[in-house]
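Listed next: structures, encoded as structure tokens.
Both of the next two complexes hold chain A, though its partner changes from chain B to chain C.
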Partner chain A sequence: MKLTKTLLASTALTVASGMAFADGHMASEMTIVSWGGAYSNSQQKAYHDPYMEKTGINIINDESSPEGVAKMRAQAEAGNITWDLVDLEAADAIRVCDEGLAMEIDHDEVLAPAPDGTPASEDFGDMIVSDCFIPQIVFSTTFGYRTDQVADGVEPPKGACDVFDLETYPGKRGLNKQPIANLEWALLCDGVAYEDVYDVLETEEGQDRAFAKLDTIKDQTIFWSSAAEAIQLLADGEVFMSSTYNGRLFSAIEEQGQPIGMAWDWQMFDLDGWVVPADLPEDRLARVMDYLYFATDTQRLADQAKYISYGPARASSAPLVSTHAELGIDMAPHMPTEPSNAENTFVNNYTWWADYRDDLDSKFQAWLTQ
Partner chain B sequence: MSALTPVSRTPVSFYVPVVALAGAFAGLLVGTAQGSSLLGVIGGAILMAAAAYLTTQVVQAERPSRWALIVMGALAGLVIGGIAAALIGAFFGWFFGWFTFWLYEGRYRAYVAPYLTPGQVLWHHTFRMICGAILIFLITPILVVMPLSFNAEDFFTFTPEMLRFDPAGYSLKHYEDFFTNSDWQGALANSVKIAPMATLLSVSFGTLAAIGLSQPHVPFRRAIMAILISPMIVPLIISAAGMYFFYSRIGLQGTYIGVVLAHAALGIPFVIITVTATLVGFDNSLTRAAANMGAGPVTTFFRVQMPLILPGVISGGLFAFITSFDEVVVVLFVGSAGQKTLPWQMFTGLREQISPTILAVATILVILSIALLTVVELLRRRSERLRGMSPA
Partner chain C sequence: MTDAAQDNGQMLAADGKPLKSSLNRALRRQKLRALALIAPLLIFVLITFIAPIADMLFRSVENQIVSDTLPRTTEALADWDGDTGEIPSPEVFKALYTDMFIAQERKLHTRLGSRLNYELTGISSLFRKSGRRVEDMGEVYQDQFEDLNDFWKDSETWNALMGSDAWLAEQAAWDETSDSRQPQFELREEIEGLLPQTAATFEIFADFVQNDDEDNLANEDPWALVYSALYDDLIVEPDISGYAGPGSAELLEAMAAVRSFETVDYPAAFEEVDEDWHSIPVWQTIQTYSPDFTSGYFLNSVDMKKSPDGPVIRPEDEQIYIKLFIRTLFMSLVITGSCILLGYPVAWLLANLPARTANLLMILVLLPFWTSLLVRTSAWKVMLQQQGVVNDTLVWLGLVADDSRLALINNQTGTIIAMTHILLPFMILPLYSVMKTIPPSYLRAAKSLGATNWTAFWRVYFPQSVPGIGAGSILVFILAIGYYITPELVGGTTGTFISNRIAYHISSSLNWGLAAALGAILLALVLALYWAYDKIVGIDNVKLGG
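Up next is the complex of A and B:
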């Protein structure tokens, strides 16, 4: 019967082509895990593309950083490390380092010195918050607001504390669906002095006080879980103002031309960087180290700032930050570290959060469902 | 369909209040959109009642009245909110013209049995309305996605330009992005490599299992069946986590074959269920007859049994294909970035970068699925006709 023959023939074809695709992990591949979106794009252009061109090694992007810690745990437990290099926030990097999931690194040995010969550990300085952590960028979590929704004669919002001011700025607001930054903002705007924030937050009463402050805006707040969601809410005009990462806001304002303004006051600085999973096989480790030496040198870090408004983590990179690759605008005023943006700032206390994260995470989630 | 019941005109006291009620409902929608629900309700009711009375009792000409209502609706929409609103207004006008005369002329009674009580007639139409509402509820999310995929902006937002039908508000750039972006093309290639292989495995094993399990002399049939269809019942996340650890130990995690096997396991239950269902109608004396005429079991299977149960095999295969093509949870665990499939790419895209490219992909996939289902249905009808199973 004709039909049977057709079926058999197509079966044979599928099997044959399937076998042809069934090649394993190729020898010249490297899986690098990052955050996706505009951020991965900046890494692709500043690090991956030139590196692939130079060495011929193919870099595969895995956008799994949001669940990076959990997946690194699973891989270690299963004894099957498939990632070569992982991009994590500082607090997460400290956690994986403490758990032995990431490799400790001698920064001076592995990384390139600054052009003037300063060793890497001095060039990065305080940014090296953990022995496993290779800093990449300084970013900040700050606020964007809809410029077209500010009432006439009202001063536009300046920063975090305006989120709690429902009278002057009515309307929905967006906040991150996690305790980091929200609890600090709640206390700072409730009148706690900057130096005391983490001391207060350590106590039961302090945590209650922070949640009570958040309670005042809870029914007007939409909690987002990915940075893209926050930008979408702002672009839709669904919220009047929202916290999110400054690089995303830059992209929405300058690249997409959305009517959004920046409110920098009490922005929270944070670090992001690489960790190398522990127990990589020899050959893959050698490849990763070669990549790291290349991708974290002074010029590459400065190059990344051409594509996204995050500050390079090396002191020696700062003077090299120039203009946006496509728009040609000066990037310096968009950096979170620019003095006029950085009047009131606080630094995410990574070590504190590494200790309290799990506890406060569950408290925060419980508070959300109340 | 011819009319079942002779119809007669209905009294003003019946159709005007009903039209007013419908008008109030429409007014509620329009009024809420414009900022005052109460005003909308009252205005809609009065306006539509007046229109119904005027067209039926004063003008008394159906065709011109209905056209007039459409034009007036369009004009009212244009005044309120531009071209898009004008279209909606025209639709409202058309609907109320039709609805008024449908009630006034008693046409609502024409196609229901003459002996039904008014209550039953009302239920007859209410039931249809509920069915229609359910269909709309199911299909609207898909319909909203399609125009948004032609957005000229990079967000899931109906821009003012789009609502004005300004060509500048629309673009094909997200489709272009899909066809040129290496991430999306890589994901598409992976999906196209994985799904047919997984389908093939599911169909082969599933069909064999179904045939075996339909033999009365197989021991523990029910238990085996329950185990085989368990991937359909066990929560996906549990299967995924289990597969992750198992495949990691035996070196299949993060490989093409691993993903194919995992998807095949998910697809097999669908094939077993559909093929078992078709086997119920299969006459076993046919295989005995074939054997009697000297055909071996393999020949019998391909020449006699297979063609007869083919519709079940194909629809099972279709389900298996869609399961693999749509699957995101298991591939996130079992696959590595090298096996990133379309749903995976859409998932990370939604999380990290809400871009209408996802909607463009969704639109393409919807059109593909419709085409696929249509082709299968046509083939099925053709084969039935050829075998004389249904009147042509």
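Up next is the complex of A and C:
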């Protein structure tokens, strides 16, 4: 009898404790999803560390942003939202907002005004591309190449179109395992005018043309699925040149001293920022909002640029960008918006991609397997 | 006793009951007890393993999303025949407007767009675009009603017209700032008979405001959809003379006015959003996928698709799954073969060396088991890449020129090398335990009878080790066919398996139906191969030991 009682009691205890943890959220924890690597590192130093020190709340990093949309859908379908805040690209943010997976936000109410009192919505301006989106940075997808693998007497590559030039620059290339940017570059380098790229890409023939251009380098290309992988491929000398995000390249070149050079031509501008998953319980939502107010104010956004060369999304943060926190070098020449880097730039059409992402994703994946 | 036993030809037990049934009862009790003992495990496996798999596999035929999101459209579309080359009737477009309006309010239209996009690329963007524009489509009616009389502008007068007196009283008494729930909207009875469409739409609207948005109905103006429903109700001139409730005068006035209203041409309005709404394949896709269950996912996973005239094969540049299934089977066979080639001598050594040396070797075989799979795979990356250890050594030895280093990774070779290494212990262990039981005296006997080394091995030793090869091969092959992480990391584009595709559909494209269909086919394939193996080799010939 006694044994039974003990057994029952311990079972009850286990179940109870299991339930307490099943929620996955202790009273003072928050799960923030981001991209990992140098980027997460800059967020950790500029936002998370000071916030944790200030409030004592523990921030758990989840590096799932590359599958962010899919996992947010899956969590919503399962009715078990385990994420508190998700870092997504603008096009993805528009998608999750359309599908009701992310919460719509009144930017002026939730976010801090600029130091001079300008409301947040004006300070962020055009960067607020969706009601669910809280912009953080302007980044660009561009190319890095191995300086030690450029043959003698050959001019080093300047930008995206050199990736299609196998004659001058033989060797493997790295490209993102996603259609975004790759298809635009393929068309641009196939002679389509900048203004027409998305119009052409909307048509079946235009898509075939882009894939045909990519076909010319397909067997020389390694497709990466995370930015860190692209940097690894470059650092190992596995590829001659690879597309990746400019901040990652900055960290590999300046912080790690890798023999890598930047090829800025036709860099693709894009936005990145936060979305809050829809239907968070109230206590967790309150915690997230408190964090957001802190982490997106003028000073914090400017602080992030001390660790990685991405431009802050607030107009009021720009004058505060100074030097790298550890290396002490001036950050301005490494920013994608620096005039000498921005001779030919390409602005990602987020709304177009929000519409065509599903279509082109499935085509691109089928093309990869062919 | 003897009398009783012969009573009616039955043996009786001591208590006078038939022996057979008491025996049965005793046996049954025993069985129940045994069942109770394994019950925790059985229930555990059922709940955590079998049920989720069954649920997941069920998704491969499930297709309610289309008729749930577009109930009116699919119903109206049922009689349409695409072969005539004509687009559906205006009624269908009208239904589409209603369905689309409600779906975009509930934010369901993009999900359906993604679902149908699996069947016809382009539908996802079509639905997204239409969702954004559908709100303005019916505003023509809203504006005309509102211009006619301010009565139609106000949420309060709408509520008075549509809501029952009981609900209106409750609503008036409800304090918004209190914690109590807003009283649930209730329809005025007379209205339902007089204005059926308006009533139905308004109920959906009220339900959405109260339960989805959790807003106060008193502050929310009706959707444009409600106005177009009102127009549809009034244009047929229902007999509203008997109605004397709130708004009766305004209703009469509106009924007189609607005849001169500007109308909306829904087919044209949708064409303006996107001309694809006037393309036959889009409508055929919606029609083909209206039923609640579909074989579409299974057809997709064998490179076919549903069409109005039955299943057809996909165009060549869209065919990938059959190719992937064949590649998966072929590569699994190669991996199994190389495991046999590499594992057999090692197992023979293990079985024939003195115990101490054999134990040391055994630890070496087992060591990879205790290392994380990811670490082993990443180690192969370092070994095999072009600037990696293997290539560097070959270049240093002068076997390979520096500018033509071997491509050993991010292709099939990489997958085969890494997976052979990872699965090798699963081959060696059953081989070893079978070989351990073959007495060495057999070989000695064969040789003393005059057999050469080879004949002794081939005719005497090898046949006895075949059950070990069989067990090892089944283990390795079945593990290989469902392998995911290693091909993903080292396989590049040519060395990936069908399982990578399943994972892609599960976690990236979220086409869970297709993933489930592919998984079900893979499962059936393994079972079929197992069955064939049993028929050809015989499962009794498989031994995992002694």
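The rule is simple: the second predicted complex is superposed on the first by the 346 of 370 C-alpha atoms of A that agree within 3 Å, B and C clash if a C-alpha of one lies under 4 Å from a C-alpha of the other, contacts with A are read in each partner's own complex, and residues count from 1 in each chain.
In this text, a residue touches a chain if its C-beta (ideal position, glycine included) is under 8 Å from a C-beta of that chain, and two chains touch if they have at least 3 such contacts.
Keep in mind that what you see is a predicted model, and the values were worked out from it rather than measured.
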Exercise. For A:F223, select first, second, both or neither according to whether it touches chain B, chain C, the two together, or no partner.
Key: second
Self-check item: Dominant toucher of chain A (residue count), chain B or chain C
Solution: B
Practice problem: Classify the contacts of A:E29 with the two partner chains as first (chain B alone), second (chain C alone), both, or neither. | Solution: first
Exercise. With the two complexes superposed on chain A, say which partner A:D236 touches: chain B (first), chain C (second), both, or neither.
Key: both
Quiz item: Of the partners chain B and chain C, which touch A:K363 in the superposed model: first, second, both, neither?
Solution: second
Quiz item: In the superposed arrangement, does A:A78 touch chain B (first), chain C (second), both or neither?
Solution: first
Quiz item: Thinking of the overlay built on chain A, is A:D62 touched by chain B (first), by chain C (second), by both, or by neither?
Solution: first
Quiz item: Do chain B and chain C touch any of the same residues on chain A, and if so, which?
Solution: 74, 236
Quiz item: Considering the complex alone, what residue numbers of chain B touch chain A?
Solution: 153-157, 183, 193, 196-197, 200, 244-245, 248-249, 251, 253-257, 260, 302-303, 306-307, 310, 336-338, 340, 348-354
Practice problem: Name, in rising order, each residue of chain C that touches chain A in their complex. | Solution: 106-107, 110-111, 113-114, 117-118, 121-122, 124-125, 128-129, 131, 317-318, 320, 323-324, 385-388, 410, 492-493, 496, 501, 504, 507-510
Quiz prompt | Partner chain B, residues of chain A touching it in the complex | solution = 1, 3-4, 11, 14-15, 17-18, 21-25, 29, 31, 33, 35-38, 40, 60-64, 66, 74-75, 77-80, 82, 225-229, 231-232, 235-236, 256, 258
Quiz item: Which positions of chain A touch chain C when the two form their complex?
Solution: 67, 70-71, 73-74, 95, 98-100, 172, 218, 222-223, 236-238, 354-359, 361-363, 365-366, 368-370
